[in-house]
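Heads up, the next two complexes both have chain A, just with different partners, chain B and then chain C.
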Partner chain A sequence: MKAGKLRFAKPNKYWVESSHKRYVPCAGDTVLGIVVDSKADNFLVDIKGPTLAFLPVLAFEGGTRRNIPKFEMGTLLYARVVMANTGMNPELACMDATGKAAEFGPLKDGYMFESTTGLSRMLLKSPPCPLLETLGKKLAFEIAVGLNGRVWVNASSPSIIILVANSIMKSESLSPVQQKIMVDNLLQRVQ
Partner chain B sequence: MKVNKEETRGELVTPGEVLGKSAELKAGKGAYVSPHNKTVYASLTGFRTLTYPLPDSPDTRPTVDVIGHKAHGAVPEIGAIVIARVTKVMARMASADIMCVGPKSVREKFSGIIRQQDVRATEIDKVDMHSSFRPGDIVRALVLSLGDARAYHLSTAKNELGVVSAESAAGATMVPISWTEMQCPLTGQIEQRKVAKIGA
Partner chain C sequence: MEEKREDGRSATQLRPLSCTRSVLNRAHGSASFSQGETKILAAVYEPKAGTKKNENPEKACIEVIWKPKSGQIGKAEKEYEMILKRTLQNICILNVHPNTTTTIIIQVVNDDGSLLPCAINPACSALVDAGIPLKYLAVLCIGSQQARRTEYEGTGLFMEVGEKIKNGVITSVTHGVMTVSGTRTRRNQAAV
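Now for the complex of A and B:
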């Protein structure tokens, strides 16, 4: 049971939206996980949920017993939640439903920080939120957003990474107009 | 067998301890008489119990038994029907704690595993463990084998085996509707289980 804003979509869908620092795994979500351990058949991945998630060793594009990826402890992965039943450990996959790699897999370099689930959902909106649009017009960076409250940013220089990360962290409670104003001010001071 | 009137429970004895002379005591369960020095020794670990015979029987010696240790409790055997509580459900198997073997409850903890292929008899590769068991369900199962050092291998692949009692997400004991579904009486929600067929 959660408190939040009641939302409505025609014709008959109502739901309650809330923002938390804790993630409840749900099938179909894309998340950023950190490899904690590797067992015979799967990797144990921390996705900020109640239990660790299992990532089968073969759940990669073209994955066979001969080319099993070797992830060290601490590797950041972009993965999809395949199954998340209560009482069982969630199962992840690093490929989409058709079996293609599609951007899933380990994320190299860059900087990862934690956010709330509400902020992650806002960053993943389409059309894109004003924050990311304005930042994208002036700066070159790449970003991966996990619905479990983790965001990864990578850019050519550390100062751009820090700028993008700070502006995202500051924009949690700002309205779209306020976001645009904040980003414009930030970029003016830097350039 | 004679019906004996009084029983007394004594101290803990270990195998090889002297229980008494065979002139004064008869050897019962867990005890034996050594022929060459006519003494009754214990052969098991447990509590020394004396049972006095009826006053009008020809033999006036009390019987000494060694009972009460948990190793004398019920132990699952191959082919026995056990009642177990599901503790963990995973993708390919479910673990359960065995609570009763037949009609008797066990004295120490035995672990059992129900593998995906042993849940039911038909379409065993399409079994979804989450729609068959949940943690906390009470199941009736058959012991397939002694398994490995960690757990017995159990099976629910018969009509009369499976979930006997389960709690719904709302906390009420569910009522079985079919061999795949149980319904919560409070909320009316239907949950999937591999239900045991009880009765005729």
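Now for the complex of A and C:
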């Protein structure tokens, strides 16, 4: 039982949505994890949950015993949670359900910061939230959002990365209209 | 019997209360609670893997750290930690994350009496702020009987989720001397 906002979707769906700094692993989520250790059969990945997650060494597209990827400690990965049961460590995979790579894998360069789970969900909404739309019209950048409260931003110059990261962090409690106004102000100050 | 206390309050009057959530940036949940001059800050850190040696690995374990305003940690602080730990263990749903430890840190910012009742409230609010699943919300109720010069501080169940308001007492700390019937009347009065 968690505290949160009561949401309603027609015709008869009610649910409680809460936003926290913790993440509770759930099967089917896409998360950003950091490699903590590597064992013989799997990598130990930290996904901001109560326990570390296992990423099997063969869970990559075209993965065999001969071409095992080597990740150093601290590598940022974009992965999918395959299995998450209480009491067991969650299992990840760097490929989607059909076995294709589909953008999963290590993320190079860029900047990663932590946010709340509610903010991650808002960034992943479709149609896209006004914040990302307004930023995307003027700037060129790439982001990866993990449902565990981690966001990765990459762009050609550090100032763009900082601008995008700051605007995302500030937009948590703002309504869509306020987000658009805030982003317009930030962009005006830069250009 | 309305005796006035030192600061002009009557026997049944509380000091002004105020509570703020999410005060700390890095903690997973935090709350600050003040009752008059007494101010207490509580911070909660998420379930971390592993329990302590004597604890049941099938359940989550709760660890309470009490930091006094000044001075070293002594027996009184350990007692507060133990009382808070038992109370909070009754509120939290422990089966959700087995074999993990949730850490709650209580920092006394200002001490003007009634520390323990004042600490239950921010601890509970910080747990809600962090999203730890709870069975009930715990609130404190203080009773005192001026005539016999005893004080009775208790924490009670305020609300059972999903059912109507039903009162029950989780923890009670008593100082002084009372007869058994006196204790019962105090408890019934507090439950109302």
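A few notes on this one:
Criterion: the second predicted complex is superposed on the first by the 189 of 191 C-alpha atoms of A that agree within 3 Å, B and C clash if a C-alpha of one lies under 4 Å from a C-alpha of the other, contacts with A are read in each partner's own complex, and residues count from 1 in each chain.
In this section, contacts are C-beta pairs under 8 Å (C-beta built on N, C-alpha and C of every residue); 3 or more make two chains touch, one makes a residue touch a chain.
Since the model is a prediction, treat every value here as computed from it, not as a measurement.
Once the complexes are laid over each other on chain A, chain B and chain C both fit without any clash. Contacts of A:50 after superposition: chain C is touched, whereas chain B is not reached.
In the superposed model, A:100 lies in contact with neither chain B nor chain C.
Once the two complexes are laid over each other on the shared chain, residue contacts for A:125 go to neither chain B nor chain C.
The superposition of the two structures on chain A yields an angle of 60 degrees at the Cα centre of chain A, opening toward chain B and chain C, reported in steps of 10.
Shared-chain residue A:20: touches chain C; no touch with chain B. Contact with chain B, but none with chain C, is seen for A:91 once the two complexes are overlaid on the shared chain. When the shared chain is aligned, chain C comes close enough to touch A:2, but chain B does not. Set side by side, chain B and chain C differ in how many residues of chain A they touch, and the one touching more is C. The superposed arrangement places chain B and chain C with a least CA-CA distance of 5 Å.
Counting contacts by the rule stated earlier, residues 86-87 of chain A appear in both its interface with chain B and its interface with chain C. Every residue of chain A that touches chain C in the complex is listed here, in rising order: 1-3, 18, 20-22, 50-52, 86-87. Partner chain A is touched in their complex by these residues of chain B: 88-91, 129-130, 134-135, 169.
Put simply, chain A touches chain B in their complex at residues 54, 83, 85-89, 91. Chain contact summary for the complex, chain C toward chain A: residues 28-29, 46-49, 93, 95-100, 128-131, 133-135, 161.
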